[in-house]
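Labels run A, B, C, D and E following the written order; every chain starts at residue 1.
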Amino acid sequence: GSKDKDAETPAKVQKEDEKVTLKVASLISPMTDIVELVKPKLAEEGIDLEMVVLGDNVQPNSALAAKEVDANFFQHVPYMEEFNRSNDANLVPITPIYFANYGVYAKDFKTMDELPEGAVIAMANDVSNIDRSLALLAQHGIIELGEKTDTYYTKSDIIDNPKNYKFEEVDLLMLARMYDDADAVVMTPAYAAPLGLTPKSDALLTEGIENDFAITLVAREDNKDSEPIQKLAEAMTSPEVRQFLEENYDETAIPAFE
Amino acid sequence: MPEILIQYKTEIWQSIAETFAMVGVSILAAILVGLPVGTLLFLCRKGQVFENPYIFSIVNLLVNVIRSFPFLLLVVFLIPFTRLVIGTAIGTAAATVPLSIIAIAHYSRLVEQSLLDVPKGVMEAAVSMGASVREIIFKFLYVEARSGLVLGLTTSIISFISYSTIMGVVGGGGIGDFAIRYGYQQFKTDLMMYMILIMVILVQLIQFTGTTVSRMIDKR
Amino acid sequence: MIKLHNVSKSFSQFQAVCSVSLSIHKGEIHGIIGASGAGKSTLLRLMNLLESPDSGKVEINGQTLTSLPGKDLRQARKSIGMIFQHFNLVANKTVFENVMVSLKLANYPKNKRKGRVMECLQFVGLESFKDKYPAQLSGGQKQRVAIARALANSPQVLLCDEPTSSLDPNTTAEILSVLKDINRLGVTIVIVSHEMDVIKSICNRVTVMADGEVYDTVSIEPTGIGSAKNTPANFVEQLTKIGGTGHA
Amino acid sequence: MIKLHNVSKSFSQFQAVCSVSLSIHKGEIHGIIGASGAGKSTLLRLMNLLESPDSGKVEINGQTLTSLPGKDLRQARKSIGMIFQHFNLVANKTVFENVMVSLKLANYPKNKRKGRVMECLQFVGLESFKDKYPAQLSGGQKQRVAIARALANSPQVLLCDEPTSSLDPNTTAEILSVLKDINRLGVTIVIVSHEMDVIKSICNRVTVMADGEVYDTVSIEPTGIGSAKNTPANFVEQLTKIGGTGHA
Amino acid sequence: MPEILIQYKTEIWQSIAETFAMVGVSILAAILVGLPVGTLLFLCRKGQVFENPYIFSIVNLLVNVIRSFPFLLLVVFLIPFTRLVIGTAIGTAAATVPLSIIAIAHYSRLVEQSLLDVPKGVMEAAVSMGASVREIIFKFLYVEARSGLVLGLTTSIISFISYSTIMGVVGGGGIGDFAIRYGYQQFKTDLMMYMILIMVILVQLIQFTGTTVSRMIDKR
């Protein structure tokens, strides 16, 4: 509504000309919610924020590298670095926004100790998430991992598995559904939330914030200092976002900015 | 109308529009390119009027290569090409490129098969009247095979709709993607079911139209 | 007009036509007769190269078809009409369209096409069937459409494979007089038939085939087409002429 | 044996068969003749209910086909052989298999099937073609396979639609004597034909059709099958008998 | 042999085995259930020997519903059923369930279409000989339509391979999924290309076999 009114006065028409469009690729809620949340704020600054929702976790980076979008918001820095390495890209982190508190959930068990010998633990089947899930389990001493031989840990890096857990890798899309099927599931809050689960009250184990896996706003080397990107970063680390996260995503998405 | 549908009205309409756009372009590609390619496959076969083992092998291989790509990887693989054609590799317009290519490969096989069922005698009549290859195709082959061509196109269109649901990967959108994103990933099961219902109705309509038309034009 | 020089054709081992030489003069009606499987249809199909000979040469109107490039062969075929033993109509075209297509292929003047189609359908007595599809026709009606289609673009040569096999005597007589008429306009006609009466009534020369070879070629004086009235009463009369013992 | 009571059949408006009543006696050879499009094929197809009549009753062997349930109708059809005007062979079965299938459907004793197939192929002179497919046959050969198939399971009634339309006089004569022979064993035969000679030579009674109606039914004394020698010389002789002017 | 292939030897062989297992079961389902269903669709059509508008509409709708589900959602939707049949909803064995169901729906349409091209005269010959529905099907319909049925199955099998690449969702594995997970998501482009090459070769082999067989058994 207000934009239309702006256009009526000549002075602001000029401003309209300067109006830049900023394209941000993202994946799912709460990432998409945050982008939506800052839209009006950026509009006031003459930035037309356009969100592009993509369906897998390679395309947002490919699109960014190809300059089809100006920034993306869906990943943590290690994942981005791996993309840079493998694809000769120069994506750069702008600012971390929140920690997606990775956790282990089980339908029939209250604590990790109750999990019986040989239980099936489901995790996502893409390499970075396998790495992260195994690291979470190792962090709590459930399993022991050897030296990292490749970029990522894989199941073959497990050198000790005292309770003989079986690890089932399934697609991200299926992860939440495995809550009924497997004995335990390792997943991000984004996937746990629809089940009504939160890291705070339901997770047997969580990752906390002592890690590198904060979901980060990412741009490119060539535009990282540009005004719109900086304004976006500013908006995304504003108190409103913090309030939004704390109100709606208590411990599911822990703000990662000051 | 259920509340959830009203709530997401804009998005639903948009996703329907996206599906129509993607499938519409695929249909065009299937007809404008898939039909000729399938015809070429048929005509270059052993014993046909345009017999040519080289062209046949090359086109046949090409179609097979396209059909053997995992669809997701085809989409990825085609990104440079898509960018060249559309100017961008993401969004509904960009999604039409891989969809069209798969549509061409898919329909051309069904065309080839339909043409193989045209009685030899009809081809002979055409040849004996001195018909050019072009005339054989348009005045005889397509006329005699038309009901099969329509049914094949119907089958293909339904496959295109199914393929289009994967185009969320590059931001293609569409009803199927909407159902997956909102309905499935966000556990809005009722919304998902409504979306699927829309797809079922759409497919049923297409099938009904296809079957009816193909029966109406079949005078054999 | 039509010259075959030592033409042979075999189908995987089986020698269907075996080194046949034959010349058919311009303007004649030439019959081909022989037992079932003797190679008559194959010989006829060799004349317009629907079957390409394994060896030998086919010449029509001074052109050696067997050595013509594709385009010229197509051109040559436009002046060679053919009536197939199994009709080979386009099932998805109406009677009208089946005849029309032959005119279109021959680039017959556009404004005269419709008239010509109707004229040809009239020759074979099927004007009122013009909008029917082949599946809606009786055997004899299909055959007549095939005849109309072959006549339509006024070919110089007409190859007929059993053109009257499904026709009753009256219709046969009518078709034969149509053939006779167009022959008078200078069209060379080759007729394969197993009906001795048909052959005798209009052919000037007849080739007898046996086992893929020409047994003999005979010149005859056509006896003319016995005109029969097209009434059922006529059938009854013929039936009761000899041997009839009365009405049942 | 076969009784039609006021049987009618129309195809979207067009009245192909119009209130026909006809009775065909057991053991006779009944001819049906008429102009092209008169409704002969339709009438024949009504007899085994391939076309179901719009009205009227069809009775064969005392059974009213038109009111039989599906299963009994199938059973009844097993004793009614049919030769189609367009042969309707299974293109993907060999000659042998095309005949065999009829025996299988009729539950012919297993151990006698092979012999019976070869016997029937012998009747029509195609023993040596047993492994060929229909597409490899000449028109007359296809027709003979269709005849062999219809004869194979020794039906009580044989419906023949132009059974000799593609056959030369010699083969026609042979086929007709085969029909005559099985008729002597008690088989009722209905022959649709446009060839007056064929009808006259073996039929006891003949129905003349016109415009979908029975014009008349005549009893005749069959003239017998003129046996012709199966040689090309014979063709030449016939050709030169009258009007011949010598060899070319 | 390229080093990367040696490195991933075990996984590659396993993924090939998984693809064979998934596609193999789908082929069985297509033949054992899709063929009868397609035949039923044909026979119940207007004007056919077994004409029955009710059965036709129900089967037709069912096939359409299956074909209109976004494949991914079909997989999800079938989870309870899969669990019932296989005992678990994840893994290669579980993946065969949705694949088989889609295989049935897919092939039955192509079967229906092939049977529609059988000349009416052949059906008439069968009916006139008193053939039962069963005999009409096995001794006439399938015999006359066999080359089309084989070509349709070939086309279907290639589609199954393509569908199987999506079965990573429920842990089905397979060559395509391997290519996506290791090649695409881990940016091992060379590995991905080798995997695709394997798929192309596989598809090419299937197409070649299908085409050859269908030509050999076509005597029309």
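What we mean here is this: contacts are C-beta pairs under 8 Å (C-beta built on N, C-alpha and C of every residue); 3 or more make two chains touch, one makes a residue touch a chain.
None of these values were measured; they are calculated from a predicted model.
Listed by label, the chains touching subunit A and subunit E alike are B.
Counted as hops between touching chains, the shortest connection from subunit A to subunit D is 2.
Superposing the C-alpha atoms of subunit C onto those of subunit D requires a rotation of 180 degrees, given to the nearest 5. Most remote chain with respect to subunit B, judged by CA-atom centres, is D. Chains C-D form the pair with the most C-beta pairs in contact. We define each chain's centre as the mean of its Cα atoms; on that basis subunit B and subunit E are separated by 18 Å. Averaging Cα coordinates per chain places subunit B and subunit C 44 Å apart.
Averaged C-alpha coordinates put the centre of subunit C at 48 Å from the centre of subunit E.
Shared interface positions of subunit B, i.e. residues touching 2 or more other chains, are given as 72, 76, 119-120, 147, 166, 177, 180, 184, 218, 220. In subunit C, 86, 135 are the positions where the chain touches two or more neighbouring chains simultaneously. Residue positions of subunit A with contacts to 2 or more other chains are 58, 173. Pairs of chains meeting the touch criterion are A-B, A-E, B-C, B-E, C-D, D-E.
Touching subunit A in their complex are the following residues of subunit B: 72, 76, 79, 83, 88-91, 166-171, 177, 180-181, 184-187. By the touch rule above, subunit A contacts subunit B in their complex via residues 25, 28-29, 52-56, 58-59, 62-63, 66, 68-69, 173, 176, 194-195. For subunit A in complex with subunit E, the touching residues are 57-58, 82-83, 86-87, 122, 125-128, 151-152, 168-171, 173-174, 177-178, 181. Those residues of subunit C lying in contact with subunit D across their complex are 11, 33-37, 40-42, 85-86, 136-141, 144, 161-162, 165-172, 194-196, 199-200, 205-206, 208-210, 215-223, 230-233, 235-236, 238-240, 242-248. On the subunit E side of its complex with subunit B, the touching residues are 46, 60-61, 64-65, 67-73, 76, 109-110, 113-114, 116-117, 119-120, 147-148, 151-152, 155, 158-159, 161-162, 165-166, 176-177, 179-180, 183-184, 192, 196, 199-200, 202-204, 207, 215, 218, 220.
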